[in-house]
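Both complexes shown next keep chain A, but they swap its partner, so chain B is in the first and chain C is in the second.
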Partner chain A sequence: MKKITGKPPTDDQAWKEDKQKIPDTKLPAALTEKMQMLKPYLEKSHDIISRPFYLEGKPPLEAVSIYINKVIDDEDLNQHILRPLMLNCKRDSIKELGSKNLIDAIYQTSITLTKISKANTLPSLVQNIFDGMTVLMFDGLEEVLVIDMHGGEFRAIDTPPAEQTMRGSREGFIERLDINIALIRRRLRDPKLVVEKTMVGRRSRTQVAVLYIEDIADPQIVTEVKKRINEIDIDGISASGFIEQFIEDNPYSIFPQVYATERPDRMEPLLLEGRIGIIVDNTPLALAVPALFVQFIQASEDYYERTLFSSYIRLMRYAALIIAIFLPAMYIALLSYQPELLPYDLLINFSKSRMAVPFPVVIEAFVMEIIIQLVIEAGLRLPNQIAQTVGVVSGIILGQAAISAKIASPSVILVISLSIICTYALPSTSMVLAVRFLRLPMMFLAATFGVFGLSCGWIIIQAHLISLDSMGVPYFAPLAPIRFGDLKDAFYRTFFWKMNQRPMSIPMQDRKRQGNTGGGSNNSAG
Partner chain B sequence: MAKKWLLVFIIVVQLISLSGCWDYKDIDKLDFPAAGAYDLHQASKTADTNQEEEEQTVDLTTIIPNISENVKEPFRIETTSGLTIGNAREPKVYSDPGTYSPGVSGVIIFGEDLAASTGLKNVVESLSRAPQTPKTQEFTIAEGRGESILRVPIKDYPSMADYIEGLLRQSHQRGFIPDATLHEFKTNIAPGKNPIMPLLTIKGEKVEVAGAAIFKKGRMIGKANLNETPILMMLRGIKSTGNIPFIIKKDGKMFDKGSVDIKNSRKVKVERNGDDFTFQITIILEGSLAEHQTDKLFTKNEDLRKMIEDQIAADVTEDSKKFIKKMQEEYQVDCIDISKYALAKWRKELKDKVDEDFIGDVNIKVEVKMKLNNVGELT
Partner chain C sequence: MLLEQGKISDFQLSVLIMGFVFGSSVIISPGQGAGHDAWIACALGLMEGLLIAWIFTALTKQFKDKTIIEINSLVYGKILGKFISVLFIWYLFHLGALVLTNYVRFFKLGVYPATPKTVGLLILMLVCASTVGRGIEVLARLSLILVALIILVAVADTLLLIPHMDFNNLLPILDVPIGKLLWASHGAASFPFAETVAFLMVLAFVDKSEKGPAAVSRGLLIAGFILIMVVTRNAAVLGPIVTITNYPTYLAAQVIDIGDILTRLEVLVAINLITMGFIKISVLLYGTVLGLAQVFNLHSYRPIILPVGILMVILALTNVGNTLEMLDFANKGFPIYAVPFQIGIPLITLVVAKLRKLPQTGGDKV
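Presenting the complex of A and B:
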């Protein structure tokens, strides 16, 4: 008997793939035949517009422009293609202009757009249409013109909502790949900045750009990144998060191993430090690899404010990280297993505050943690105005009601609230999610083994962090392996004029960052 | 993969063997003593019972705050008895539904009878064996029973525990009174060392510091009063601060008097000539003038600063010599913690006799160096 497996038969898979393929045939010269060939592919797509027109001349040449509605800029189409071709086309003067053939003459003399290519096969024609290109087909010509005039409606460049700064740029990435690349280019005018585009998604054909500085980034890592992206075999991706999950080294880890930012001014220094940027079309978040753990605690603002304040804030963030993960767990461990470790007066206060609560500390803390997590989740999905109301209701009314109803003690509300505040003090959204998740197992360990369990949890987290890699680079560097030079920008940020070398934790070709030897009047090239 | 899961299994088994949810106890179900007092049981003190030392029982008195808001009294005082410290805690299970958690008590008071008769070694052994007990627990001795101290009514503090804790901290920092913790007591019963502890007494309806209790290892053998205790602290080298008065006489008449706020430190040198040991203790005092009751200006009396320094140095030297004499002749125990210097150099020879009559036979010289840093005038 044939064994039945969950997988579809191989033949069936191949049949499906074959069906999707377009016959690789040359385009005919007659316009009607070309339209006939295209018909099966376009007839069910009502958003694809075919606009017939005649080129000026004797006799007038019949032509058709095909494009996806609202993907291109209508104004550009009228101004730079239709108007010149219909009114000013100089197709009679091919020889005078030295053009090889008619189609060259048309785009060289009459079309004022720049990104133009030619196609002469059916697959390339169909694919270009669905890639959002404008296609011009002419009667009697086998070749067609493919014009990139992406435009239409898109979100304007705006302040990045999740990474706002007081002193930094107000520009954030948007959903348009080319604009996002331009935002980087405007900041990094180095001719060595390489932008390589590729496509991901068999059906979505999403454009992905890989950016790196040629003489800084490590070629092996660049190759590895490109290899991992090119190996992605998926029908479609809708955000950079897809790419992140395909290329990360350890998908089972809760820690983010790819750095995501919505700020071009954050991406720029990352590229300068030898990292590789990945920008995905239709996503306002760019990715950077290799990523280090310390990177997720650093914010753009750290580099815009003065050194001492930035270092102070960064230390606060590390404290916030510890509090966010361990405070509720520590509360459970101390109140349920090792109360002797608390100062006496605090112990009595905690004891008094818990007197009326009928649940054990563990249940009380878990219930409050879950309620607060649900409130956050509710707030994220709601419109801003309602989310604010939910926040106020949960923060003040729910907390107060829980205390009045003697379901929770004031101390547990304080502890959980403090841990939530500390969670959101972290600058990286990915790290925020990791911390939110990590809190629960820590609480479980504390509830089961007390402070001892908490210590074990701490050791497990550290061991896990040390074992992680990002594109083959140790994730917990510069702490493990220790790179003393890089500690200048880990727990604190030293003066810029002391950061002469690029981070050792990231493999790269050019280590020297600058030649300054001192701040202020002492500054001179060394 | 199998190895990985085996490792996880081993770790979990080890974890469970060390701690687990069976140790769980909710904080509001515990009784936290604010202070405890250990005394010799009343019956054990009477000669009629004719009890052997090892049969003597111990009284444990505790102040436990009442957590519930419905209870009027802020705390309750309970006394239980047992053959040993741990055994004295046992009767609490019959009289109190809360789980007794001895580790949180900040102050432990030992009755004079207990300290002088059976000594505190066994008590300290019991306390230090429990991992919950913080080694920073403050120890003090009560003149009379410790229980009496805890039962003195108090109005201005939440309980006697808070009062004593503050009193001991303040008197140590600003009054040349020793402090003793569980950790210090344990280290001070090592060879060549002996503990001292603050001494509390009841005066009228108030608990006050009365000086220091002097121990020979775990057993209390004497008391230093409030005049002797600062000298004991200076000789022992326990750094503290306090106020010392002075009177300067010239031609038999009072020239100036006042007081100086000082802090102390000490240096010790030891020399050996055969079996003769000579210790040179240098007490270094530094401070500032708190007051002087004449209108003499330092700007016009250039010698005044030196006169004050010399007077204080002479006073402290004289008192130190008296105390050393008393120590060598009466206590016959090294309560100024100098034997360790000799032990460090000649351990093999001294380790067996350093705790016997060693301190009575040595020559101890004292030099006091006083420096008045500030006098409150621009000189």
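Presenting the complex of A and C:
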């Protein structure tokens, strides 16, 4: 007996050939034969509708339209296909127009829709039907018409929930690929903006679009991205995260190496700097590669507010990053190894508050950290009303109770909650996850080796960040390898009129971003 | 088959040299034998160091993009070349163990009296090994961030110590007998400046090799000036104590007291020591494993990083009996012990290469 395993029963080659399950045959001319041929593929899918009708003439031409319910736009079907074909299409008058081919004549004169193609083999026909196309088959004609009229119900364009801004656009990406591409195209009317579509997923056949500006983006990286996307061999893609995990350079790193955003106005400057956008159908998050570490600390608001304030806030965010990762660990290291570093009065306060707690600082901090992580996890998926209650219960009652029960001291709760707040000061959700993950190992290092362990941890994190690549581009640039020219948009953001060149950290063909506007004192009147 | 595909820029090389020189010299103050004239010894030592650097960079100028191991087998032939290479590798390995010893002794004495030495060493070695495994590029990039940090702390320390400085402590200048001063300055040259001879393993990977020598001297100069600043500061702050203490920088940092809030900053100094020692040990470990891989024609140096690292730890644990012995060796033995490696091998190789008119300008690239 053969054991049943998760692996495909045959080797890779056979698995690839298996794709051609549908026999590659030409379509016959007669409509009944075509229907007979299609029957095995369609009869089990009750959402597929076939609607027979006749085109006027002598004899009338029999035709069938096949489509999936609610995937196409019903109104379009009625208005632009059925009505003109059934009422206005005179077979004889078409012939008089002198078209060589009857099928060309039909769609050239009577179908008032734009996206039409033809198919003449069984596999392409079946595939087109399941891709959501409307298929028109005529009696006596071997070719069939394939009309793209995707429609149906979709979420409207909405404000992006995870990346709100005060001054930026309120539009966020939605689940429809074409709309998302249009959102970008509306902002970037450059003829050099390239949109290339491809299909990923054997069964899901998800559309994936690759966007870049032809004369800015580095052609090598473009080829590399396209190659990595095309190499993906998976049955289904349910979100852009799948693509991200297939194309990233270092899957074992906790740091995100692909930038995800739900804002078209964030995508636009990324494309302008020579990055490559990847938009996946059915996901309101677009991806951009290559990604840099500093990018995850930048928010789109930084560019919409005035320079000085944005720079101030960005510096704050870096401070938040450090605090979020190291504060609890530092607290443990100081209290258990180097209490002399703390000012005397502060140390007394800490010790007083810890007096009744029976655990060492480490246990106390570990327990609180784990509790808070769990509270976050619990609140994440709850409906809003309950999440609020959980928040109140955990935040106020749990904290108070822990202190009164002498399980935790107020100072440790202060430290842990401060680091949690700092975690969520970071604008990118994927970086938030990385930081949440890093805190515990750092606390462990601090607990075992004090400040020495912490500095080892600091070195390891940096060495790791520096060794990362995103699409072969150093991830920790412009900090290491250092690119002084790019630092103007790393820790702070300089004035727009000073950013005359594109960042070097992203390989691109055209370094010049803008002309010399002057700005600053040049603009002062008088 | 290239063992190391990475390339570093000349700027990164300078920074790496700075980190390397700061290394353990922030623990054991260079030129300490000269007492409060240590800064003079340091300055003289820096000059000697620059001279030695000139010798070994001349060697890499002669042989572009080659490490000392490859140069040796070109100059001396296969057998003798490999023998000399192994001697040089021993120097790197032993130096790495010495640096580790410095650290662990300092740790035992100053920071973690209760932690077993082996644990501290192993942790440090793991961090180094994991970085070396990522190649020279990562090490060079990392050094920039760490060196920027230590220069910041060194300058901040000095500024905070200004109220405690008494420059009368530096007088009288040239107090020590000239022989003692020269010995101390030779000590300062052999440790830390001329130790950069280890970069004979790294210089081959500078992307613009003609800029390598200048980068080495630049790094040495900047690091030298900062060390002189630190040494002068220590003497000015500590006064006569500086001659009897083992760890003057650490002691000086203990003096800092700003409004009872910023006090006892010596732990920060200790952290700096770790980060700098990390760079030095990593470079030495890198040189050792890369050298071994080249001598034995291995396909990759990565598999031997950890075993060599652990051997280094063992040597560090066993090579000296106690802290005083270590300091004694550092002050008296090392300046002589290091001469054949720091000056001998590069100088003789250079002379032999010149005599044999190597590398031949003909087509054969061995």
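Just so it is clear, the second predicted complex is superposed on the first by the 495 of 526 C-alpha atoms of A that agree within 3 Å, B and C clash if a C-alpha of one lies under 4 Å from a C-alpha of the other, contacts with A are read in each partner's own complex, and residues count from 1 in each chain.
Keep this in mind: contacts are C-beta pairs under 8 Å (C-beta built on N, C-alpha and C of every residue); 3 or more make two chains touch, one makes a residue touch a chain.
Worth saying up front: this structure is predicted, and the values here are computed from it rather than measured.
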Combined model on chain A: chain C and chain B, fit or clash: clash
Which of chain B and chain C A:F350 touches, first, second, both or neither: first
Partner chain(s) touched by A:F449 [first = chain B, second = chain C, both, neither]: both
Chain B versus chain C as contact partner of A:I421, first or second or both or neither: neither
First, second, both or neither for A:A480, with chain B first and chain C second: second
Partner chain in contact with A:Q338 - chain B first, chain C second, else both or neither: both
Contacts of A:P360 with chain B and chain C, given as first, second, both or neither: first
Which of chain B and chain C A:I386 touches, first, second, both or neither: neither
Clash-bearing segment of chain B relative to chain C, given 56-64, 128-136 or 200-208: 128-136
Chain B and chain C footprints on chain A, overlapping residues: 337-338, 340, 344, 449-450, 452-453, 456
List of chain A residues in touch with chain C within their complex: 337-338, 340-341, 343-344, 449-456, 458-460, 462-463, 466-467, 474, 476, 479-482
Partner chain A, residues of chain B touching it in the complex: 11, 15, 18-21, 23-28, 30, 32, 34, 65, 67-69, 101, 103-104, 106, 132-134
Chain B contact footprint on chain A (complex, rising order): 335-340, 342, 344, 347-348, 350-352, 354-355, 357, 360-362, 447-450, 452-453, 456
Chain C residues touching chain A - in the complex, by the definition given at the top: 9, 11-12, 107, 111-112, 115, 120, 123-124, 127, 130-131, 134-135, 138, 141-142, 144-146, 260-261, 263-265, 267, 270-271, 274-275, 278
